[in-house]
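Shared between the two complexes below is chain A, which pairs with chain B and chain C, respectively.
And now, the complex of A and B:
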């Protein structure tokens, strides 16, 4: 356990030294907050920028708070996913490529700890950044539109974070299985896109897909309550995470460290 | 007493056999050189011993390891090109590795400072490893191999990348380490092996072609040999020496002629006489013993 904590501490320190603890939360705030701000100030912005003929009447229906929050959350499943993949794809692959993984793993370090500590480090960064970003979005939406109950905020945070964790775990898996960070990133992104696309278009067949968690979260926001399918979908997401992590350890252990 | 035993060790890469069956054991407290030309399989052998590579066949047994014990705790390994986290300082890296090897935070730091002092880079302890020179990286690499007081340290070409001064210092360091631990180091530089090591393993084309202590090797390959050093090129005198009845073979190298002879006493008399009579510009006359280089050449050419 103390070895695992040492490994985790190294991960968090590294993310501090290369400023990930600063730029990732800031990006997550900007991604989310953009939505309530632009929705609220759109008429004024159009007015100020001008370019509309004299006498034109701008009528933009004021969106509901839930709609604003859902669009804001949409940013996290697109650009947010991109950021998660980009910051995680090299986590194992690049250390192996440079040879520093071999320097560490000739010491009595368990492969399991090595991989899971890396996963935990980047998951921590993602959970915290997403929490701060989403909290800011929730605050501005409440401030400018209507306040969404805080327990709904927490529920939706949990659902989205679980889906994002699945994507993060896919990325860690690719990073453990492949030599090149670039290819690992590409495959992770492709996998995330394909899973969401298939689950969303064929939603009747994929009610338990972890990607559907985001849809269930949105239902919470528009007042439909927590869907019955969210529990199996959540369990499936956790199972996916555990299976992918175990596979990562297995593959990483089998691969020879020295090229 | 043997510390580690290797039997029938083989390694294949995509069907080509790189290591073709090694059998040897390393004695405790000795310094052993793994010697061989480039591509002989030195690095592959060390990687298999350190656990970074799995042997295709064969067994590596640590005599003192308990059942199920992680042997990585008993060995320290320095790869040919050590790499570090470049955002860490030297001290941070050593402490980190020390903690991973099971030391407490306090022990790890004390041991790190002690080792930085030993390898002579204590001044650079708070500098990022990205800013270290090649020699400093090599020293930090040696320090990280020693951090958990392993029973065996394995160094892959520890001095090949260093300048003469750095080489001298690392060799002196190894000399000092011999008292504390068993050392196995690979090199293709013969004089380094000759200087530091008690025992030598010659690796050639994935096989051990010769092994033993320096004295044993000399005795086994002993051949009477006289070296003549001339002022200027030696080629014009070679003919006389080659055709002399006592000569077996002659090797010419710039201003040096090495003559392998049947009988040292006869040859000495005959050559000294010739030198005196023909007034050769001789600088040095040496009745020499076999060097490691001679053994190496002989063994590799076989």
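And now, the complex of A and C:
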């Protein structure tokens, strides 16, 4: 356990050294906060940009706070996912390429703790960045529109974070299974897009899909309460994470022993 | 100008974190040995492309040995 903590510490230290602890949270803040700001200032923006014919009257209905927050959260499932995948796609693949992994694994470090510590490090970064970013979005939405109850904020944070963790784990798995970080990133992005596309279009058949967690979170925000399907979806997400992590340990061990 | 003063409490925090992002990117660019592509180009991108410039640099510009 103490060995695992040391590895995790090394992971977080490395993320400090390459400034991930600074730029990822800031990016998440800017991603989310953009949404309430632009919807609040849309009339002024249109005025300032101009180009409208004289006397044109545009009535833009003021969106509700929940709608604004939902579109803000939508940013995290698109651009946020992109950033998560791009920052984690190399964590195992590039270390193996550069030989750092071999250097660490010469010491009596188990493959299991090596992979899971890496996963935990990037998951920690993602959870904290997402929390800070979402908190800022929530604050701005409350400030400019209406306050959404804080418990709803926490519930939706939990739902979205679970789905993002599934994507993160897919990326770690690809990174362990493939040699090149680029291909790993591409495949995990494609997988995330396909999973969410399929389960969102055929939402009646895939009520248990982890990708549906975001839809259930949005239902909470609209005020429909927590859906009954969110429990199986959440359980399946956790199972997916555990299975993918153990698979990546397995594949990584096989590859590393072969190399 | 009046209007701008009204917006300040809302926009100032965002401007500040954007500035932090820019400064960290520049510090990192100065300290790093090599980047993907020429260094001066990254400096221009970070300085002149708002928000996206520094993020782009961190995502694809850094070359991890």
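Descriptive notes on the structure:
Simple rule for what comes next: the second predicted complex is superposed on the first by the 256 of 259 C-alpha atoms of A that agree within 3 Å, B and C clash if a C-alpha of one lies under 4 Å from a C-alpha of the other, contacts with A are read in each partner's own complex, and residues count from 1 in each chain.
The definition used in the following text is that a contact is a pair of C-beta atoms (placed from the backbone, for glycine too) under 8 Å apart; a residue touches a chain by one contact, two chains touch by 3 or more.
Every value quoted in this text rests on a predicted model; they were computed, and no experiment measured them.
Touch criterion met: A:109 reaches chain B, while chain C stays clear of it. Contact with neither chain B nor chain C is seen for A:135 once the two complexes are overlaid on the shared chain. Judged by the touch definition given at the top, the superposed model places A:6 against chain B, while chain C stays out of reach. Of the two partner chains placed around the shared chain by superposition, neither chain B nor chain C is touched by A:191. When the shared chain is aligned, chain B and chain C each come close enough to touch A:18.
Within the superposed three-chain model, A:29 lies in touch with chain C and out of touch with chain B [touch as defined at top].
Looking at the shared chain after the overlay, A:183 reaches neither chain B nor chain C.
Using the contact criterion defined above for the overlaid structures, shared-chain residue A:83 touches chain C, although it does not reach chain B.
Touch criterion met: A:37 reaches chain C, while chain B stays clear of it.
Comparing which residues of chain A touch chain B with which touch chain C, the overlap comprises 18, 98.
Residue ranges on chain C touching chain A, taken from their complex, read 10-11, 14, 17-18, 20-21, 24-25, 28, 51, 54-55, 58-60, 62, 64-65.
Chain contact summary for the complex, chain A toward chain C: residues 18-20, 22-23, 26-27, 29-30, 33, 37, 83, 86-87, 90, 94, 98, 140, 143-144. Interface residues of chain B facing chain A in the complex, by the touch rule stated above, are 47, 50-54, 70, 72-73, 75-77, 79, 81-85, 87, 96-97, 99-102, 144, 148. Listing the residues of chain A that touch chain B in their complex gives 2-3, 6-7, 10, 14, 17-18, 98-100, 102-109, 256-258.
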